[in-house]
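The structures considered in this document are given below.
In what follows, chain A forms one complex with chain B and a second complex with chain C.
On to the complex of A and B.
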């Protein structure tokens, strides 16, 4: 999860900085979009999508491998954790550029994220989209993580050592 | 700042252009059209942009003169190229129409052990014709007449000096809009 967010950070720093929106805000919505289910995103976003002829594709969806780095204990030396398949796409809507990067090999998912990213940068579309798309996806994501951590916590085993002797 | 679209089919289009480029360099100074052209960028002709999309990647340093930010951002977006600070540190040196050409003998010409570490010039010119020089060398069966509008007056004299350094020296690609002519360092020219 953390790694995909860092990917966006890398990407945004390398290519272009968003003009109006600050980076952490954009990182948050890109992180939510990338970690959500493609089907859920499709359902929530489709009423808001611009007509296809208004979207110009700078980069059609393409899949490649990205090396994910880790740090021992979160702070130690860097090491290569492994390669992960990543699909990316970029589009322009009006004069806004949207980038979509997502783990996996689903081109439609990357295309949806790119369009959502472009729309979210438009000040007049931003509040409605945050309320209708990003917040529900973020809630679902949080619920999914809580469920997972509850299930993990329920399987926790406590070990006791009986005091012997006396 | 606005990014522009590149090749419609990045892999296929780049491969087709690369094939044409190989032929252009193996049959020097015989103009041939690039098979697919991307949209031109502000300050660069479509043919030049096509060559950069075809040749440049993240391992390549390209020197470009002052160009609009859109153009630089788009080239970086589609290729991942690094921008060289000076022509001396570049693998590719792009000279758009109307920009000054640096002296050829000052550019990276490779080393005796690694002649391939020389710079390649991409020079935008006007239309090709047959009036400036008579060229000969590998890939040219019979002496060939060639010329290009818009080249500096002493270009061919400089080129002959460049050729004399063979196997070192720079290579050049001349671009007249969508038509290219290869000019590898092996080509010898005689003016008049």
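On to the complex of A and C.
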């Protein structure tokens, strides 16, 4: 209850807060964090986490559903394809608020993302965390996707239509 | 109807024990882990996610394990579980053109831009039972191409659309939020978004049968598989507390774009028309079936006859849900004792009357 009131207060004050980082930079790290393995994130982030008593949980990790929409024909009218399980968490560290949203049901993953998001907004912590956490995770993600893509590309075919009597 | 009965608690508890023991089987055989199910029975996991209408490999693997491999029972378990979770948000519509493609083929153009990518398909296997799989073996090494695929592969149907030969499929004015069958009952006439939601979570066997019926003449589809693609797509969300879009992780989907011949009608020139299939996970059979049934259900809109089962939305959509269907079929097992006593008494009366008439001397 207390935490939901704090969260509400945060929303009210949101517009008054200055953005400590530009949106594309924050979108990128949130995307990298959500697409990385929780265990890898745990390993890289652990040395940088503040003591638990310095982190206030505005929203404890909560698992719920996100309805995923598609479009008819790929680009037409919206329709509901089905739901995905997601977990979210929000925390405050010093005067910075971190939000974690991740597909799946792992509360620890969402909590790690929220803390990383708060820490990454601190100008004095940002460069070190980008180098130690985000870039290694981004590299691993890029490598995993490139491997999958090159494996798929290796199964590219050329079909020939046969002409009778040829 | 059936009436409530009391009693049987002990017997029920023992049936649970028997079920659990049968699920586990011989304890001398190692127990399955969820990771094994996710990894090695991934298509079963995908089917449960599709029809359970909830994408989560871990939950679907658990449901499969609990159901001892019964896909429909696992779907039921997943559907029941989802009712315990709050709806936190709605995603931005998936951008299938940005799919990280693992497979992409076209049945209509051999030279599609970006090429045809077979990926992990069983299409070219000979369906000979592989006895080598009976023993553990090393994972085969996959070849790597020099370069990865392009980031974005253009949709095959866009080629026809550019020529004006493919009907347009654009968002309606104001791009309205679609009907949601998890919140409102299916009403008729059902619009195309409601139909597609129903089909996306519908039973694969039912859709396959309906789709097959359209090919055997019970519809006017004349289909070609314009494009089938499968791969990962990022789920994008716009949380209120952030105010900007974020990527919350990727899901695997299969998309099928059917191209269907159309001679034209009062409101449209001769052109190709679309049938669309999009499903969670890897399942071409389901995505293609969905696309065929989507197209046949557009019969009325396109001025075609509507006499076939696959053209009748009420028939096709009201019987597509395996949870509803198996519930109603299987509820016959429940006590109908009072009902049946009434029927029995009626039949006895009628039979006595019949026998009396048979025995009566004829004039």
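Throughout what follows, the second predicted complex is superposed on the first by the 140 of 166 C-alpha atoms of A that agree within 3 Å, B and C clash if a C-alpha of one lies under 4 Å from a C-alpha of the other, contacts with A are read in each partner's own complex, and residues count from 1 in each chain.
The working rule: a residue touches a chain if its C-beta (ideal position, glycine included) is under 8 Å from a C-beta of that chain, and two chains touch if they have at least 3 such contacts.
Because the structure is a prediction, the values reported are computed rather than measured.
K.L.:
Does the chain A-based superposition show chain B and chain C clashing or fitting?
P.N.:
Chain B and chain C fit side by side in the superposed model.
K.L.:
So, does A:78 touch the first partner chain B, the second partner chain C, both, or neither?
P.N.:
second
K.L.:
Counting residues of chain A in contact, which comes out ahead: chain B or chain C?
P.N.:
More residues of chain A are touched by C.
K.L.:
Looking at A:101 after the superposition, I want to know if it touches chain B, chain C, both of them or none. Which is it: first, second, both, neither?
P.N.:
In the superposition, A:101 touches chain C alone.
K.L.:
Output check: A:123 vs chain B and chain C. Expected answer is one of first, second, both, neither. What do you get?
P.N.:
After superposition on chain A, A:123 lies in contact with neither partner.
K.L.:
On the A-aligned overlay, A:90 touches which partner chain: chain B = first, chain C = second, or both, or neither?
P.N.:
both
K.L.:
Would you check which partner chain A:51 touches, where first means chain B only, second means chain C only, and both and neither mean what they say?
P.N.:
neither
K.L.:
Just the number, please: smallest Cα separation between chain B and chain C in the overlaid arrangement, in Å.
P.N.:
The answer for the closest chain B-chain C C-alpha pair is 7 Å.
K.L.:
Go through chain A and flag every residue that touches chain B in one model and chain C in the other.
P.N.:
Residues 62, 90 of chain A touch both chain B and chain C.
K.L.:
Residue numbers of chain B touching chain A in their complex, please.
P.N.:
Counting only chain B, the residues touching chain A are 1-6, 10, 73, 76-78.
K.L.:
Can you list the chain A residues touching chain B in their complex?
P.N.:
It is residues 15-16, 19, 56-60, 62, 90, 92, 95, 97 of chain A that touch chain B.
K.L.:
Within the complex, which stretch of chain A touches chain C?
P.N.:
Going through chain A, the ones touching chain C are 7, 10-11, 14, 23, 26-27, 30-31, 34-35, 62-86, 88, 90, 99, 101-105, 145-161.
K.L.:
Within their complex, state which residues of chain C touch chain A.
P.N.:
49-50, 53-56, 58-59, 82, 85-94, 96-97, 100-103, 110, 115-119, 142-149, 155, 157, 169-172, 175-182, 192-194, 196-197, 200-201, 231-232, 234-235, 237, 239-251, 253, 255, 257, 274, 276, 278-280
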